[in-house]
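Presented sequentially are two complexes of chain A, the first with chain B as partner and the second with chain C.
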Partner chain A sequence: MSKTNANRTGNSLLRTGAVWLILAAALAAMFLIALGVGSSGYSLKEILHALGQAEPANTTERNIRIIVTQLRLPRALLALLVGSCLSVAGALLQSVMRNPLADPGTIGVSAGAGTAAITILLLFPHLSYSVPLFAFLGAALACLLIYLLAWKGGVDPVRIILSGVAVNSVLGGYNAFLQLQNSDNLQGVLGFMNGSLAGRSWQEVRVMAVYAAAGLLLALCCIKNANALQLGDEMAKNLGIRVNGARVALSAVSAFLAAATVSEVGMIGFVGLVAPHIARMLVGSNYKILIPTCILTGSLMVLLADTLGRTVWPGTEIPVGIVMSVTGGPFFLYMLRKRGNFRGN
Partner chain B sequence: MIKDAFLQVSGVYKAYGEGESRQEVLRGMDFSVRKGEFCVLLGPSGSGKSTLLNIIGGIDQADRGYIAINGDKLEDLDEKGLTRYRRKHLGYVFQLYNLIPNLNVKENIEVGAYLSEHPLDIDELLQTLGLYEHRHKLPNQLSGGQQQRTSIGRALVKNPDILLCDEPTGALDYNTSKEILKLMEDVNQKYGNTVIMVTHNEVIAKMADHAIRLRDGVVRSESYNEQKLNAAELEW
Partner chain C sequence: METEILRAEDLKIAYGERVIVEGMDLSIARDKITTIIGPNGSGKSTLLKAITRLIHFQEGSVFLEGKDLLSFKPKALASRIAVLPQIHTAPADFRVKDLVSYGRMPYQKMLSGKSREDERIVEWAMEQTGVAAFRDKSIYEISGGEAQRVWIATVLAQQPQVLFLDEPTTYLDIAYQLEMMQLVKRLNRETGIGIVMVLHDLAQAMEVSDHVIVIKKGKKYAEGRPEEVITCRMMKDVYDVQCEIMRIQGRTKPLIAYAPV
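Showing the complex of A and B:
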């Protein structure tokens, strides 16, 4: 019996409560740090003063207030929303595929959004203001195409994964070709492909909040089916689950969450893979507990990555997508090696 | 055909394969089961027991003949209707426990409860199953018998009309098998579910209300026990 499993025999409610409390405290602390650090550093007192005061007393206070409330606060909130959506999207897909290594990229969300964004940015630059809309549509269409190709009297996880590999490959080739043909005009494309929260304002926060509220509420409605799909097709069917319907519904919610995120901030990899894994290691695979935990781990991870990205190299901002890829890659390998020690495996 | 039949299996044929490889598994299966009955389907390997169970469960379809529950024929149901039928009326217990490895005992049973409009009280059920003390344990911390109890709990928590059991003691040792049989007997008496158990162990017929012997895809004999034994009294 592993140590992780032995711990689980205690009071699971208490354990879950403790995990949530620790994650929420870490998130609150990280949030304040994110507001305080940057090219100008502020103390906790200054941050709270800037957030709370009605009228700044002088120019310095006014500047602090503008930086905190108009630049860092919306960016930090956006990081929380993006992290939550990507993490929950990954958790739902892992149930659909019965594969802990699935993430939104598996069902073509990233490739589809990337294709649409690159096409607009390079071939129709006069429409670049509508990149979020087209990225969302591209992600949804790529996901739909993968499911249509995988459908053969139902959707089988292996067929979804293989169709995803094929579609991702084709779209990846198209994206690479367009970039090669327009190699002198890639600035906007690189920003999108590497996912960044830089320069995002309250406008993006408001849009993302609507997407996140809708998507996360739908995800909560998927809990029963997500749990039952873990049993495998035959057992889930025997229990009275419409396996194909459940699989398509969960995938649609996952695609919506991921597509909404990609359309607003570009492509951020590994969150949908790593954040659900950390949550699973902490509280197990019961989606009733896992989904709220994923919201916390995903938020914390993206906020941490974004804060690191804009502070670790003074004078230069590293996009959050690059920070996640650099840190997520080694963590992914660590998980592969440690997988046998996860709860219940 | 008995008058007050709850489950009716009528002239059921089923074959697999085509041409020379075609194999008839069921060749005109006929029998009826009353509500609340503990019914055992006996027969050697290849007699069609598991195929029949799959057809009763709506997982597979008969080539000819029909299955009716309370007079409603399964063949009249579309996929949605069959899903509702499985959800509302059926609970499955298999030889392999099929538990979700990283959910604890209570969470595994809850997966079944979610699907029912009128689930049984989980804590009370855990007490009945003798699992209350183990409710926070993961499957790999349980014995084979405790895992099978958990899978019985998952099937039972929906409060199904019919409990379909496919060799539920097949992977267990003698004593644990008797414990599970005793549990099935208690469950049948306490909740009044109709139990249909597939087994090749002839002795189990002695604790059943109704024993049906199958061979080569047909019913060879049927018997009703006026004086059935308790599970604890069985010896083999």
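Showing the complex of A and C:
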């Protein structure tokens, strides 16, 4: 029997490996497609040539090189970073709130970051260099607010989502009001409201890479706590977890990841909902395997959505935030109908 | 008492204004099966949670191995006592072996993986509870009785001195209830682990307990050996139920026959 057991354990490792390999391959393929398609399309050979070290031989090659390395490459990389951060942020929130429907976009965490960022930009423009800090504070505050509203002798997963939706809507109203009041200065604000990767350069990639590296490393430190919290508060406490401390730590890391993306590319919803859900279906709920899988599904999703957004309607850029809302909303409803991920005993 | 591992003195537990348990003195033996019984709402589960630090108590003190319960660090406490709450959940896709492995958390650092020692003890816990055969199944694929044994294996993997079980048989059918009682008794006799549990079924309490504590309206009504404590008078006083306690040849413990309805 021990032999078949070993085989089964081996099978599940093999399965995880296969899932990662397939996702990585899909991501690589999508990455090349994202570099190739657009207002002018390039072949794989042209892309690789442009990415290579050789000096461009003529103007055409030089143009291709500029478009690929200065426009599409940073944008694609940014999509990967943003997707990873949002996806992992969602996965962590889902453990903290014990609800697979939690997502920084839908329950107001991103809106908290956006609200803080917009407020700073419009009302205190001399502080604009500290937008990321305030975005994080806004996200953390939104988290806290959702908790306080949902707390009633304990945290009920449904109440969390409902109070999150309420927080999201109030913050949305406030943001809309600020826009009306400052209609002469909408450029910066609109960027936050509809997350978009258009026109982002290597500068944003560098900043985002630092945030992503820090946030994802912190997320790895959360794996044990995230797993324990899925077993309920009392069981987690029994296992020696400081439940409240773990909640705060996980929420903070999640808020940090979400706020980092908001301050660089604006609000993008549903990635934190859909990408972890797909990852869960593929590899299960053990965060040790789930978090790396979320990084893959999240980056694949944002890259796909952004590429679709800039190619599906020639001549028009649909911001990636809008693509995600249009496709993510129906997905959210689908998940609401088919709950049952968590089974009581 | 020399074998005492946990002692509570003048304990008061309240939810807000509502006092659930008051003036409670308690002494738990290191290697015995202690059962707490009492009617619904008498405060027995609340008491269990307070002496395992799952909830706060307002007054009094609890000592574990002679030290203040509140002075233990969470992990140090989790490697001495383990408690299986009445309600516990896990994502349906969790595998049996992974769940049991979580019992080793009190012994692990934040980023460290499983040590060989951890692996060995997880195996031991699965063997003891008879769940090793379906270690790779998800807990969704096994029966309620089997799942409850997996949870027992999880808390057993914490290698506690005392295991606290809050109504471990409540959602199980009678066959699984009896199986659970056998398991509890065997674990106590063979591994020397102390058991403290809350039970509803008095026949089961009579059968497996070394020591029974009766709680009535948040106060201790009586305690002692089961056949001393579970009497017609107690049944009348505490549960307001008429019954006869019968001795039957060939059985060591008496049986309870309730008045006809």
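Before moving on, here are some points about what is shown:
Please note the rule applied: the second predicted complex is superposed on the first by the 264 of 345 C-alpha atoms of A that agree within 3 Å, B and C clash if a C-alpha of one lies under 4 Å from a C-alpha of the other, contacts with A are read in each partner's own complex, and residues count from 1 in each chain.
FYI, a contact is a pair of C-beta atoms (placed from the backbone, for glycine too) under 8 Å apart; a residue touches a chain by one contact, two chains touch by 3 or more.
Everything numeric in this text was worked out from a predicted model, so none of it was measured.
Judged by the touch definition given at the top, the superposed model places A:Gly232 against both chain B and chain C.
Within the superposed three-chain model, A:Arg159 lies out of touch with both chain B and chain C [touch as defined at top].
Judged by the touch definition given at the top, the superposed model places A:Leu220 against chain C, while chain B stays out of reach. Once the two complexes are overlaid on the shared chain, A:Arg62 sits clear of chain B and of chain C alike. Residue contacts after overlaying the shared chain place A:His49 against neither chain B nor chain C.
Residues common to the contacts of chain A with chain B and with chain C across the two structures: 1, 5, 8-9, 12, 224, 227-228, 230-232, 234-235, 237-242, 280, 284-286, 342-345. Against chain A, the residues of chain B that register as touching in their complex are 57, 59, 79-80, 83-88, 90, 92, 98, 100-104, 107, 110-112, 114-115, 136-141, 154, 158. Listed in rising order, the residues of chain C touching chain A in the complex are 49, 52-54, 74-79, 82-85, 87-95, 97-98, 102-103, 105-106, 108, 110-111, 133, 135-136, 138-140, 144, 147-148, 151, 155, 158, 171. Remark: chain A residues 1, 5, 8-12, 224, 227-228, 230-232, 234-235, 237-242, 280, 284-286, 342-345 touch chain B in the complex. In the complex of the two chains, the chain A residues touching chain C come out as 1, 5, 8-9, 12, 220-221, 224, 227-228, 230-232, 234-235, 237-242, 280, 284-286, 340-345.
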